[in-house]
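Listed after this line are the structures, all set down as structure tokens.
One chain, subunit A, appears in both complexes that follow, with subunit B as partner in the first and subunit C in the second.
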Partner chain A sequence: MSDKLLKIEDLVVQYITDDGIVEAVNGLNITVDRGKTLGLVGETGAGKTTTALSIMRLIPHPPGKIISGGIELDGMDLLALNEQRLEKIRGDVVSMIFQDPMTALNPVITVGDQIAEAIMIHQKVGQAQASQKAREMLEIVGIPGNRSNEYPHQFSGGMKQRVVIAIALSCNPKLLIADEPTTALDVTIQAQVLELMKSLKVKFQMGMVLITHDLGVVAEVCDDVAIMYAGRIVEQGTLEEVFTEVKHPYTEGLFNSIPNIDDRKEKLKPIRGLMSDPYNLPKGCSFCDRCDYAMPVCETEKPPKIYFSDTHFVECHLYRDQQDFKLKGGMK
Partner chain B sequence: MSEVILEVKNLKKYFDTPRGKLHAVDDINFSIEKGKTLGLVGESGCGKSTTGRVILRLLEATEGEVIYEGVNINHLDKEGMRRLRKEMQIIFQDPFSSLDPRMTVSEIIEEPIKLNKIIEDPKARFERVLELMDLVGLSRRLMNTYPHELDGGRRQRIGIARALSLDTKFIVCDEPVSALDVSIQAQILNLLKELQDKLGLTYIFITHDLSVVNHFSDDIAVMYLGKLIEKAPAEMLFTNPIHPYTKALLSAIPRPTLDKKVEKIILKGEITSPINPQNNCRFSDRCNHAEEICRSQEPALEEVAPGHFVACHLFKK
Partner chain C sequence: MSNKSEVIATENLIKTKKRSQSADVWRRLKKSPTAMIGLAIIVLFLFMALFAPLIADYDDEAIKMNVRERLQPPSTTHIFGTDEFGRDIFARIVWGTRISLFVGLISVSIALSIGGFLGAIAGYYGGRLDNAIMRVLDVLLAIPTILLAITIVAALGASVLNLMIAVGVSNIPGFARVVRAAVLSVKDEEFIEAARAIGANDFIIIVRHVLPNSMAPIIVFATLKVASSIMGISSLSFIGLGVQPPTPEWGSMLAGGRAYIRDYMYIVMFPGLAIVMAVLSLNLIGDGLRDALDPKLK
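Moving on, here comes the complex of A and B:
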């Protein structure tokens, strides 16, 4: 068996609306190894969530449509499966945690029953056994098992997110997709939940795609990082490669935008302008109109993929002729 | 010594709830000097937004005084308040719900000028609107657009322009960047900083994000369950935090670097209820160092170094 758990190749997803075609994901390639965590980083509208929903095959259709590409999960071609098979896979082989724990839970069903539901569907066990397992899952995520008869409104935000994690992990998935799992939480609670996710990842030996806009969270949890911009991965590498040898101007911009807590600089260096309109992406590099390094070729030609190591690549014209091009830096 | 523009004395705000009194803000004191920024930090439910609102008298204080330029504003009548509001403004967190969806950008910015009769001549008023749009970096061509056509960063700029449209001297910024993407967040933070330098504004900067507040503030006050638990100049608070909660809060921030790993202090439990609090340290349930005295007696805010105030029993040891 290969060690690649998830393999996405040239994925193109579009939303076809009355106003035009939204090019949400434009030729995306990522792989996740077994037991590893990939951080998918980008801003609002970069296509992170669309990517996640594609893996779950949950893109609302219409208006969304997977135009081309391939998604292979644990050796299965997800795009070829019918709905019946998909239902068996969702929640069993791959699970997803959503950003907002407040809306992800059903308010009129006890948390225990919500966890047991997934177990009963996938593991062919009876009510009693599933309830027992649900209580165990609650304990695993740090909630006393005797609270399984309570309703979501009796839990705080951090606790609800723990319940959602318990549901996602109840069938021992091979891949967990976490879409901004801690964004809605306070920092001290975020620290608790991240700690929990790190330990569970080891315990359940699952692969994880962590979607976030927070490079701090990435530094803490991920093994690999993919930076996404306008539906493409513009830079990808191991955590160390991306954090120590920033190559793409957008990645650099992201780092420079974060106020450094250990060093009070006078001024932040934001990325100027806004993300290109996905209705109308530029012909060349999608980032060229915000890039400080932009050259004429950036406007007309899609940038090539350039590898610096087996794992680290960037899509940028800057490195086409000179591999050792250095960004101006300015960070740290 | 520079001049104190705002002073808050023993400020309390309690809300009645079916289960008892909710102590949203409980006896807090601080002052801000002109042209400076005070960062007010804490997690959800600690009372930081309530504090901001009570200072502007958008909520009436239960007890205590808010003194703005020597005037106790709690005693002002409607007319007095109206005059004062020209100087004291607020920028809200959510640039989506704080703008009237049926007004154009220029109408939104113009409205306060018109209502307060700052400029009566429509032409001159329009000039002023354009000037404000330039000031906050909104392109003039956007003046006839509606908020829904704009992104979060631009909407927040409208909110800032509106707050500046009068004779503004003091602004409560209530989480002004937390709804924005990082790259846009940095643009808005830089804008607020520039405006402060240019116009000599004084800010109270309410946020849950310590890295933002460190970048921005002269002084930082940390709140926990309605109480001010530590206050110090920003530099000092970050290099030498004393209160166990401040320490935990600082260590909990995910840092975007690989080196200099700070040891995480993971707090147990979650914020407790602010309804009918006991007479103890409100952090004692979650504190890793709590002792008997912490559970039986409430610590007072004491000055432990020049300008550095802490409310913790354990410090004295």
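Moving on, here comes the complex of A and C:
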């Protein structure tokens, strides 16, 4: 058995609509090792959620379509499986936590039954046993087991997200995909939920893909980081490599957009402009019209992959000729 | 041991909590006086239907002709009077309640199960299947309900069973539309996607996640449709295509008594009142439920 839990190769996903083709994911490569956490970072519309849904094989079709590439999960070729086999894998081998706990729970079913449902789909157990297990799962995520017969509307947002986590973990998945699990929560609850996820990750020994646009969350939880822009990974490396040796101008822009805790009066330096139109991506580097370092070559040619170590690479023309190019900084 | 009693204690706690949602609807329904009046009337009718044998003897009072007592006005022996064959009108109305409510409920169940199934798969799967189902049902919908029912009864022959089929089938398109609309409004919710993400198949998703969340409009529509089905049954019986005499049925009682309406108006008045009360009460409940189930009016 290889130590790679998830391996995505050259994944291309498009949404084919009447208005044109949306190029959501364009040749994406990521791998997740067993028990490790990969942070997938990028702004709205970068294709993070589409990537997550591709792993679940839940891209709404039509209009979405996986054009090419390969997704290998735990040795299985996900793109070759039929729907029945996929149903067995979803929730069992790979689980997903959705962004908004307010809408991810069925309002007319008790939370206990919703957890039990996932268990009963994948394990041959009776209702009573599943309910018992559901209660245990609630205890694990820090909710008293006797609340399992309450409805979602009787829970607060943070508790609902705990329930969603309990559902996702109920069958002990090998890979957990967390799609912005803390975005809809307020900061104090965010910290609690992150802490919970960190401890559960160790407890259940699972790999995790954490999708977020919050670099603070990444620093807290992840082992590896992949920065995503316009459907491609523009920079990837271990947490330390990416955070200490920022290489891509976009990554630098993301860091500059975080408020400085030491100097609260300092103005933020946001990345200018907007994400390029996914209906009509530029021929060269997708980031070139927002990039402070843009060169003529950026507009015409796709940037090459340049490796700084076995794990750390960047897709940028800046380093093609001079590996030791330094960004202007502004890093704290 | 103490562990066990603890479990029982939680179990009890659970029971009260589980009922909370329907209890919520009931609490709001109680606030509407018109709905409560409707409920009282329909409960009265239900009792009449259930305990008909205790209230009046079927063969002796509702069926047997008694020429000596024909066309008697309301009195203490016959509180609603007697009809042209000397049968007790009250007894016939009581027994007629059984037919009306039974046929009304069964025909709505037929329409709800077939129409609901078609509407659910049309709404859930969408696309070509949706188009195929809904266009066929649109054709059915283009034919007036009562005309469709008359055609079906005329083709199959007049009997209680055919009556239920006729009224049921003519209600299918309406139910399919309501269920489809309800399904469409919830099928893109995130919890449906979340259910798919834990490996639920289409059947589980439709039965456990989509339908329970689209129940409110379906319940209201079904309640109102029972009322209109009772109306339809009476109409068909009135024109001789429904329940055949001497079986007591409100519509056929109206038809039988209409020749005497000038001199003995109570013969048609009481069955007519029964129809009006039944239909009105169901409509009042339906309206009340619509308000009680609407979360925006909480």
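Keep this in mind: the second predicted complex is superposed on the first by the 331 of 332 C-alpha atoms of A that agree within 3 Å, B and C clash if a C-alpha of one lies under 4 Å from a C-alpha of the other, contacts with A are read in each partner's own complex, and residues count from 1 in each chain.
The definition used in the following text is that a contact is a pair of C-beta atoms (placed from the backbone, for glycine too) under 8 Å apart; a residue touches a chain by one contact, two chains touch by 3 or more.
What you see is a predicted model, and the numbers here were worked out from it, not measured in a lab.
Chemist: Considering only the touch criterion stated at the top, classify A:L40 as touching first (subunit B), second (subunit C), both, or neither.
Modeler: neither
Chemist: Touching A:V22, do we find subunit B (first), subunit C (second), both, or neither?
Modeler: neither
Chemist: For A:M137, decide between first (touching subunit B), second (touching subunit C), both and neither.
Modeler: Neither subunit B nor subunit C is touched by A:M137.
Chemist: Tell me which partner touches more residues of subunit A in the superposed arrangement, subunit B or subunit C.
Modeler: Between subunit B and subunit C, B touches the greater number of residues in subunit A.
Chemist: After the superposition on A, what does A:I121 contact: first (subunit B), second (subunit C), both or neither?
Modeler: second
Chemist: When the two structures are overlaid on chain A, which partner does A:I271 contact: first (subunit B), second (subunit C), both, or neither?
Modeler: Only subunit B; A:I271 stays clear of subunit C.
Chemist: Looking at subunit A, which of its residues have contacts with both subunit B and subunit C?
Modeler: Shared contact residues on subunit A: none.
Chemist: Can you tell me which positions in subunit A touch subunit C when the two form their complex?
Modeler: Where subunit A meets subunit C, its residues are 56, 58, 84, 87-92, 95-96, 98, 100, 103-110, 117-118, 121-122, 146, 149-151, 164, 167-168, 170-171.
Chemist: Would you tell me which residues of subunit A are touching subunit B in their complex?
Modeler: Residue positions touching the partner: 43-44, 156-159, 186-192, 194-195, 213-220, 239-240, 243-244, 253-262, 264-265, 267-272, 274, 332.
Chemist: Quick one: which bits of subunit C touch subunit A in the complex? Just the residue numbers, please.
Modeler: 10, 13-14, 17-18, 20-21, 189-191, 193-201, 204, 208-209, 212-213, 215
Chemist: Quick one: which bits of subunit B touch subunit A in the complex? Just the residue numbers, please.
Modeler: 43-44, 151, 153, 181-187, 189-190, 193, 208-212, 214-216, 234-235, 238, 248-258, 260, 264, 266-267, 270-271
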